[in-house]
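In what follows, subunit A forms one complex with subunit B and a second complex with subunit C.
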Partner chain A sequence: MAGPLRYWRTLKRFWGSALASQMEYQINLLIEVLAMVGNLGGSLLLLWLIYGRGQSLGGWSLEAALVVLGIYTLLDGVSSTLLRPNLGAIVTHVQQGTLDFVLLKPIDSQFWLSSRTISPWGLPEIATGLVLAIGAALHAGARPGVATILGGALMLASSVVILYSLWFVLATTSIWFVKTWNVTEVLRAALSAGRYPISAFPAGLRTLFTVVLPVAFLTTVPAEAILGRSSGSWLLLSLAVATGSLLFSCWFWRLALRDYTSASS
Partner chain B sequence: MAIIRAERLSKTYRVADKQPGLAGTLRHFVQRRHRDVAAVKGVSFSIEAGEMVGFLGPNGAGKTTTLKMLSGLIHPSGGSAEVAGHIPQRRQADFLRQITLVMGQKQQLIWDLPPLDSLRVNAAVYGLDDATARHRINELAEMLELGEELTRPVRKLSLGQRMKAELLAALLHQPAVLFLDEPTLGLDINAQARVRSFLADYNRRQGATVLLTSHYLADITALCPRVLLIHEGGLFHDGSLRELSSRLAPCRLVRLELEQPRPAADFARYGELEACDGRDVRLLVERERLTDVVARLLADLEVRDLEVSDPPIEELIGRLFRQGEVA
Partner chain C sequence: MRATPGGAGPKRFPGPASLRRGSRGQLLDNLGHRLRHGGRVARALLSSQYALMLEYRAETALWALSGILPFIMLGIWDQLAVAPAASGAGGPDAAGIGLDRVQLSRYFLCAFVARQFSVAWVVYAFEEDALQGRLSPYLLQPLQPLWRYVAAHLAEQLTRLPFVVIIAAVFFLLQPQAFWIPTPARFLAGVLAIWLAFTINFLLQSCIAILCFWSERASALERLLFIPYLFLSGLVAPLEVFPPAWRAAAHWTPFPLMVAFPAQLLAGGPVAISASFTAMAGWIALLLPITVLLWRAGVRRYSAMGA
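After this line comes the complex of A and B, so read on.
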């Protein structure tokens, strides 16, 4: 069977079996939805407090800031659906030695580890984020044209790729340190800065969130694209960062595997 | 032609050297000390296609490390290996399709789902079409005596049923080479016997090569005409179990039942006294002197019964391992 077809069939089996096993735990849906309502409510309250006093947030109107919050919610949904269930399991694979089974399969191990399971409970969050972002953009006066939609979709895809790569690289470090779960919690906390437009932060943090942690590329840049006010150079830069970080994650995984396979017992 | 070849294969691990207690922990945190531990030291052997070979050795002798090097999970520190015409640690897809590794203490089946779901995943990974996969699952399930267990969540299966399902998952792609690390670990006697007869059957039908480690010597005696014994990282024996036992015990065990009890000192001139309990005496006698000693015993003493046997192999191997621990 040809390569891509085999991967596609494997992915279907992966997700089919994952959905079947998730359905054993229906209560999770309720918990995820409640967590989303709580998070979103808190952020909305804060925005309402700021804008209610007639202040602005780094030059962003309330509607424009809501686009950023919408994208943040969407990314959080993607994390719950795909990133956390898969990348979180890497540490367990390393601790319990079941990574061996993955490495013995004639299939790319990064593909296996990144797509092995899916958790449907984050889907409502993705939908909510999308509705919030699009609705707020229309309120803010964005005119949906081909370029805006294409640019927005491309930037969203870039931000998902960047988030995935960052997370995967951190999970990979578990090969050396075994317990790195705290690191990904720090990452989550830092990324929650992405709820608000990047220009709302002081200059120092702004640099940190653009250069060191690509928070700006996760939410602010896609929001600008959806609002139809981003420049071509930012779009290109974002694409470059996405491609670069994805390639880096692949290289880093190979590097870690070399150490795993020469040291594990 | 040999399907598995190990040439002076060796593996050295770096392990952290840490003293117990808080002070030791702090010192370890500030200044790491490492020492090299040789798990496998220059082991060479070759196995022909279709052979079933038992791999013996105490815990930590290097059995699992060797299996992991042969299956490509870890790189050798020295020497080389070749399995099915490939260098294992390159883990090329063509190589991975030809081998399988079953680990008694690890499982690949999805815990919450019936084994059938995991089997379908494996079928897709190995690129088997539905008809082929179904055919193989049915065939293996019949050999393993698995039926409705395949549609029950794994967490609800007994250990024996789970191990059989693990074997099914590991063999779905019809590997030519099977590395089995303690496949009967923790199973009761009946389940062990069933796994054993399945492996013999599978080897016969598929002509597969099997390299098997087990704590249960019964697995090895039942399945493996040839035994590799690893001791302290090196290959101690390569041959049949019978040869191993004569090598480990150049002595035979002579049991005597006497008419009258005799003091222990009387037996020193016949051989090594193992036990002297009144009228029951057990002596270890060198093989070459056996007939001579027996004749003298019968002549010198009033013997009611006499029996000559090999010391049990478990005991011999156990004694070898204990000597290793002391040394």
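After this line comes the complex of A and C, so read on.
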């Protein structure tokens, strides 16, 4: 069983070298932290605006809505740490023909493309999101039992997997349509709905954000789990969606590679 | 290297000295010649940029689609507007947020449209051109390079138009009760306001883009500038729902003029027309000289990439 170990060692090399080169750009830390503070501050003001009038987002208390916002912040941090630096580079590989070199390497190409680099400047955002989510959940009266912690962690993991799969599938389409590289911008715009609990939307959008684009599984379902009020069926459904979308992304990548003819051919 | 600044300069630009020497007739002649020349350049630039942009229609469609944030926010505010009053809080807008739902739909649709046609991306284009060395030949041409980006933006707005119409049509299919046709006066004022908003946005971004001459991370600054824009421009919430003090503070920035004002004009909402247009003119009068001065300072400092 040298397989998983080899991938683990490769990952350590990848991230070690990426960190070493990123340390050259420490001003990015300041920019990322400022952007996070600004975004979080704006979202908090908006929540305060709504709850200050005695209204609520889909029946969620302010503390519960803050859990959702915390998870959104965490996912945003994951995006800027891992997803954007790696998956954003796929189209460049396709455009410049360097994808050929990746495919020739004796390692799974999806693994290489998804984990080649890491940008540490999103880590403060991950930490802030986690602290916000947990702190708000404790305020909302969640009791940290083993089941809650386990369920919350599991739901967070599956929401990260879903987000990754969505992003990777969209990035994969650049193999066919190089010009639509900015399709992930549409995804990002649509995912900003995840700042709010899903029940804050009208019925039509709620269905859209659960069935078509699984925004609900990204933030609302994990928030319910952390608050200790989610049902077993939602947990199972979320796990199924995560597994399904991950498998789909692998299959889709193979499918795309079958049509890949390298640059300028 | 046709247009070395030293050699071709005096011949190409008659300059103030020749203007002073010429009689009145010559001066008018000169002006007419310049206008004609400018018209030819503008036409050539716009048509070539439009042809270029047509190549990137799929990309433009996706950019148009990535501006859906106002529709998401409409979902939130619409639900709040129908929500019953909180435990008898009373007050003038106990029924919700004090805006009726139809008006809310129109506002967010117009906010979407205003954003679509006032969006500027000059900082990204300029940064790429500067980093890849394309800027150097542009600087040698007898045309201020920023005009090239203006033409690119205008051409892109034209390619964007059909997609925006489609999105608006789908919106009305889903929300037929929100359908309306703005009065001609409001429509013209709205179009003018959107263009002025674009001008402000473009000048603001150009100032940041010019900082590329000093720093390679100018686009990060643009990312930071986008945050107050997002929350104060009226994209995520109509300014009417802000507490009065916040609204007053927001109006000290150019951001509400860039989305909320044109949107309310088109949607037929309550709006201070002359005051807002005056404010827009003021911002342009402030930003234009800053852009020109920054540009001059930047070009003097420019030594091409890698030098």
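One rule holds for everything that comes next: the second predicted complex is superposed on the first by the 260 of 265 C-alpha atoms of A that agree within 3 Å, B and C clash if a C-alpha of one lies under 4 Å from a C-alpha of the other, contacts with A are read in each partner's own complex, and residues count from 1 in each chain.
Throughout what follows, contacts are C-beta pairs under 8 Å (C-beta built on N, C-alpha and C of every residue); 3 or more make two chains touch, one makes a residue touch a chain.
Just so it is clear, the model here is predicted, and its values are computed rather than measured.
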| item | value |
| --- | --- |
| Subunit A as common anchor, with subunit B and subunit C clashing or fitting | fit |
| First (subunit B), second (subunit C), both or neither touched by A:Leu104 | first |
| Partner chain(s) touched by A:Gln96 [first = subunit B, second = subunit C, both, neither] | first |
| Touched partner set for A:Arg6, first subunit B, second subunit C, both or neither | first |
| Partner chain(s) touched by A:Phe14 [first = subunit B, second = subunit C, both, neither] | first |
| When both partners are placed on the shared chain, which of subunit B and subunit C touches more of subunit A | C |
| Apex subunit A: angle to the C-alpha centres of subunit B and subunit C, given in degrees as a multiple of 10 | 80 |
| Touching partner for A:Thr261 - first (subunit B), second (subunit C), both, neither | first |
| First, second, both or neither for A:Gly58, with subunit B first and subunit C second | second |
| Which of subunit B and subunit C A:Glu185 touches, first, second, both or neither | second |
| Minimum distance between Cα atoms of subunit B and subunit C in the superposition (Å) | 6 |
| Overlapping contact positions on subunit A, where the subunit C interface meets the subunit B interface | none |
| Contacting residues of subunit B [partner subunit A, same complex] | 13-14, 39, 64-65, 68, 71-75, 89, 91, 93-94, 96-97, 99-101, 103, 106-108, 110, 112-113, 117-118, 120-127, 129 |
| Subunit C-facing residues of subunit A, complex | 27-28, 31, 34-35, 38-39, 42, 45-46, 49-50, 53-58, 177, 179-183, 185-186, 188-190, 192-193, 196, 200-202, 204-205 |
| Contact footprint of subunit A on subunit C as seen in their complex | 56, 58-59, 62-63, 65-69, 72, 75-76, 78-80, 83, 85-87, 89, 96-97, 174, 217, 220, 223-224, 227-228, 230-231, 236-237, 241-243 |
| Residue numbers on subunit A that touch subunit B, as the complex places them | 1, 6, 9-10, 12-14, 16-17, 20-21, 24, 96-98, 100-101, 103-107, 112, 261-265 |
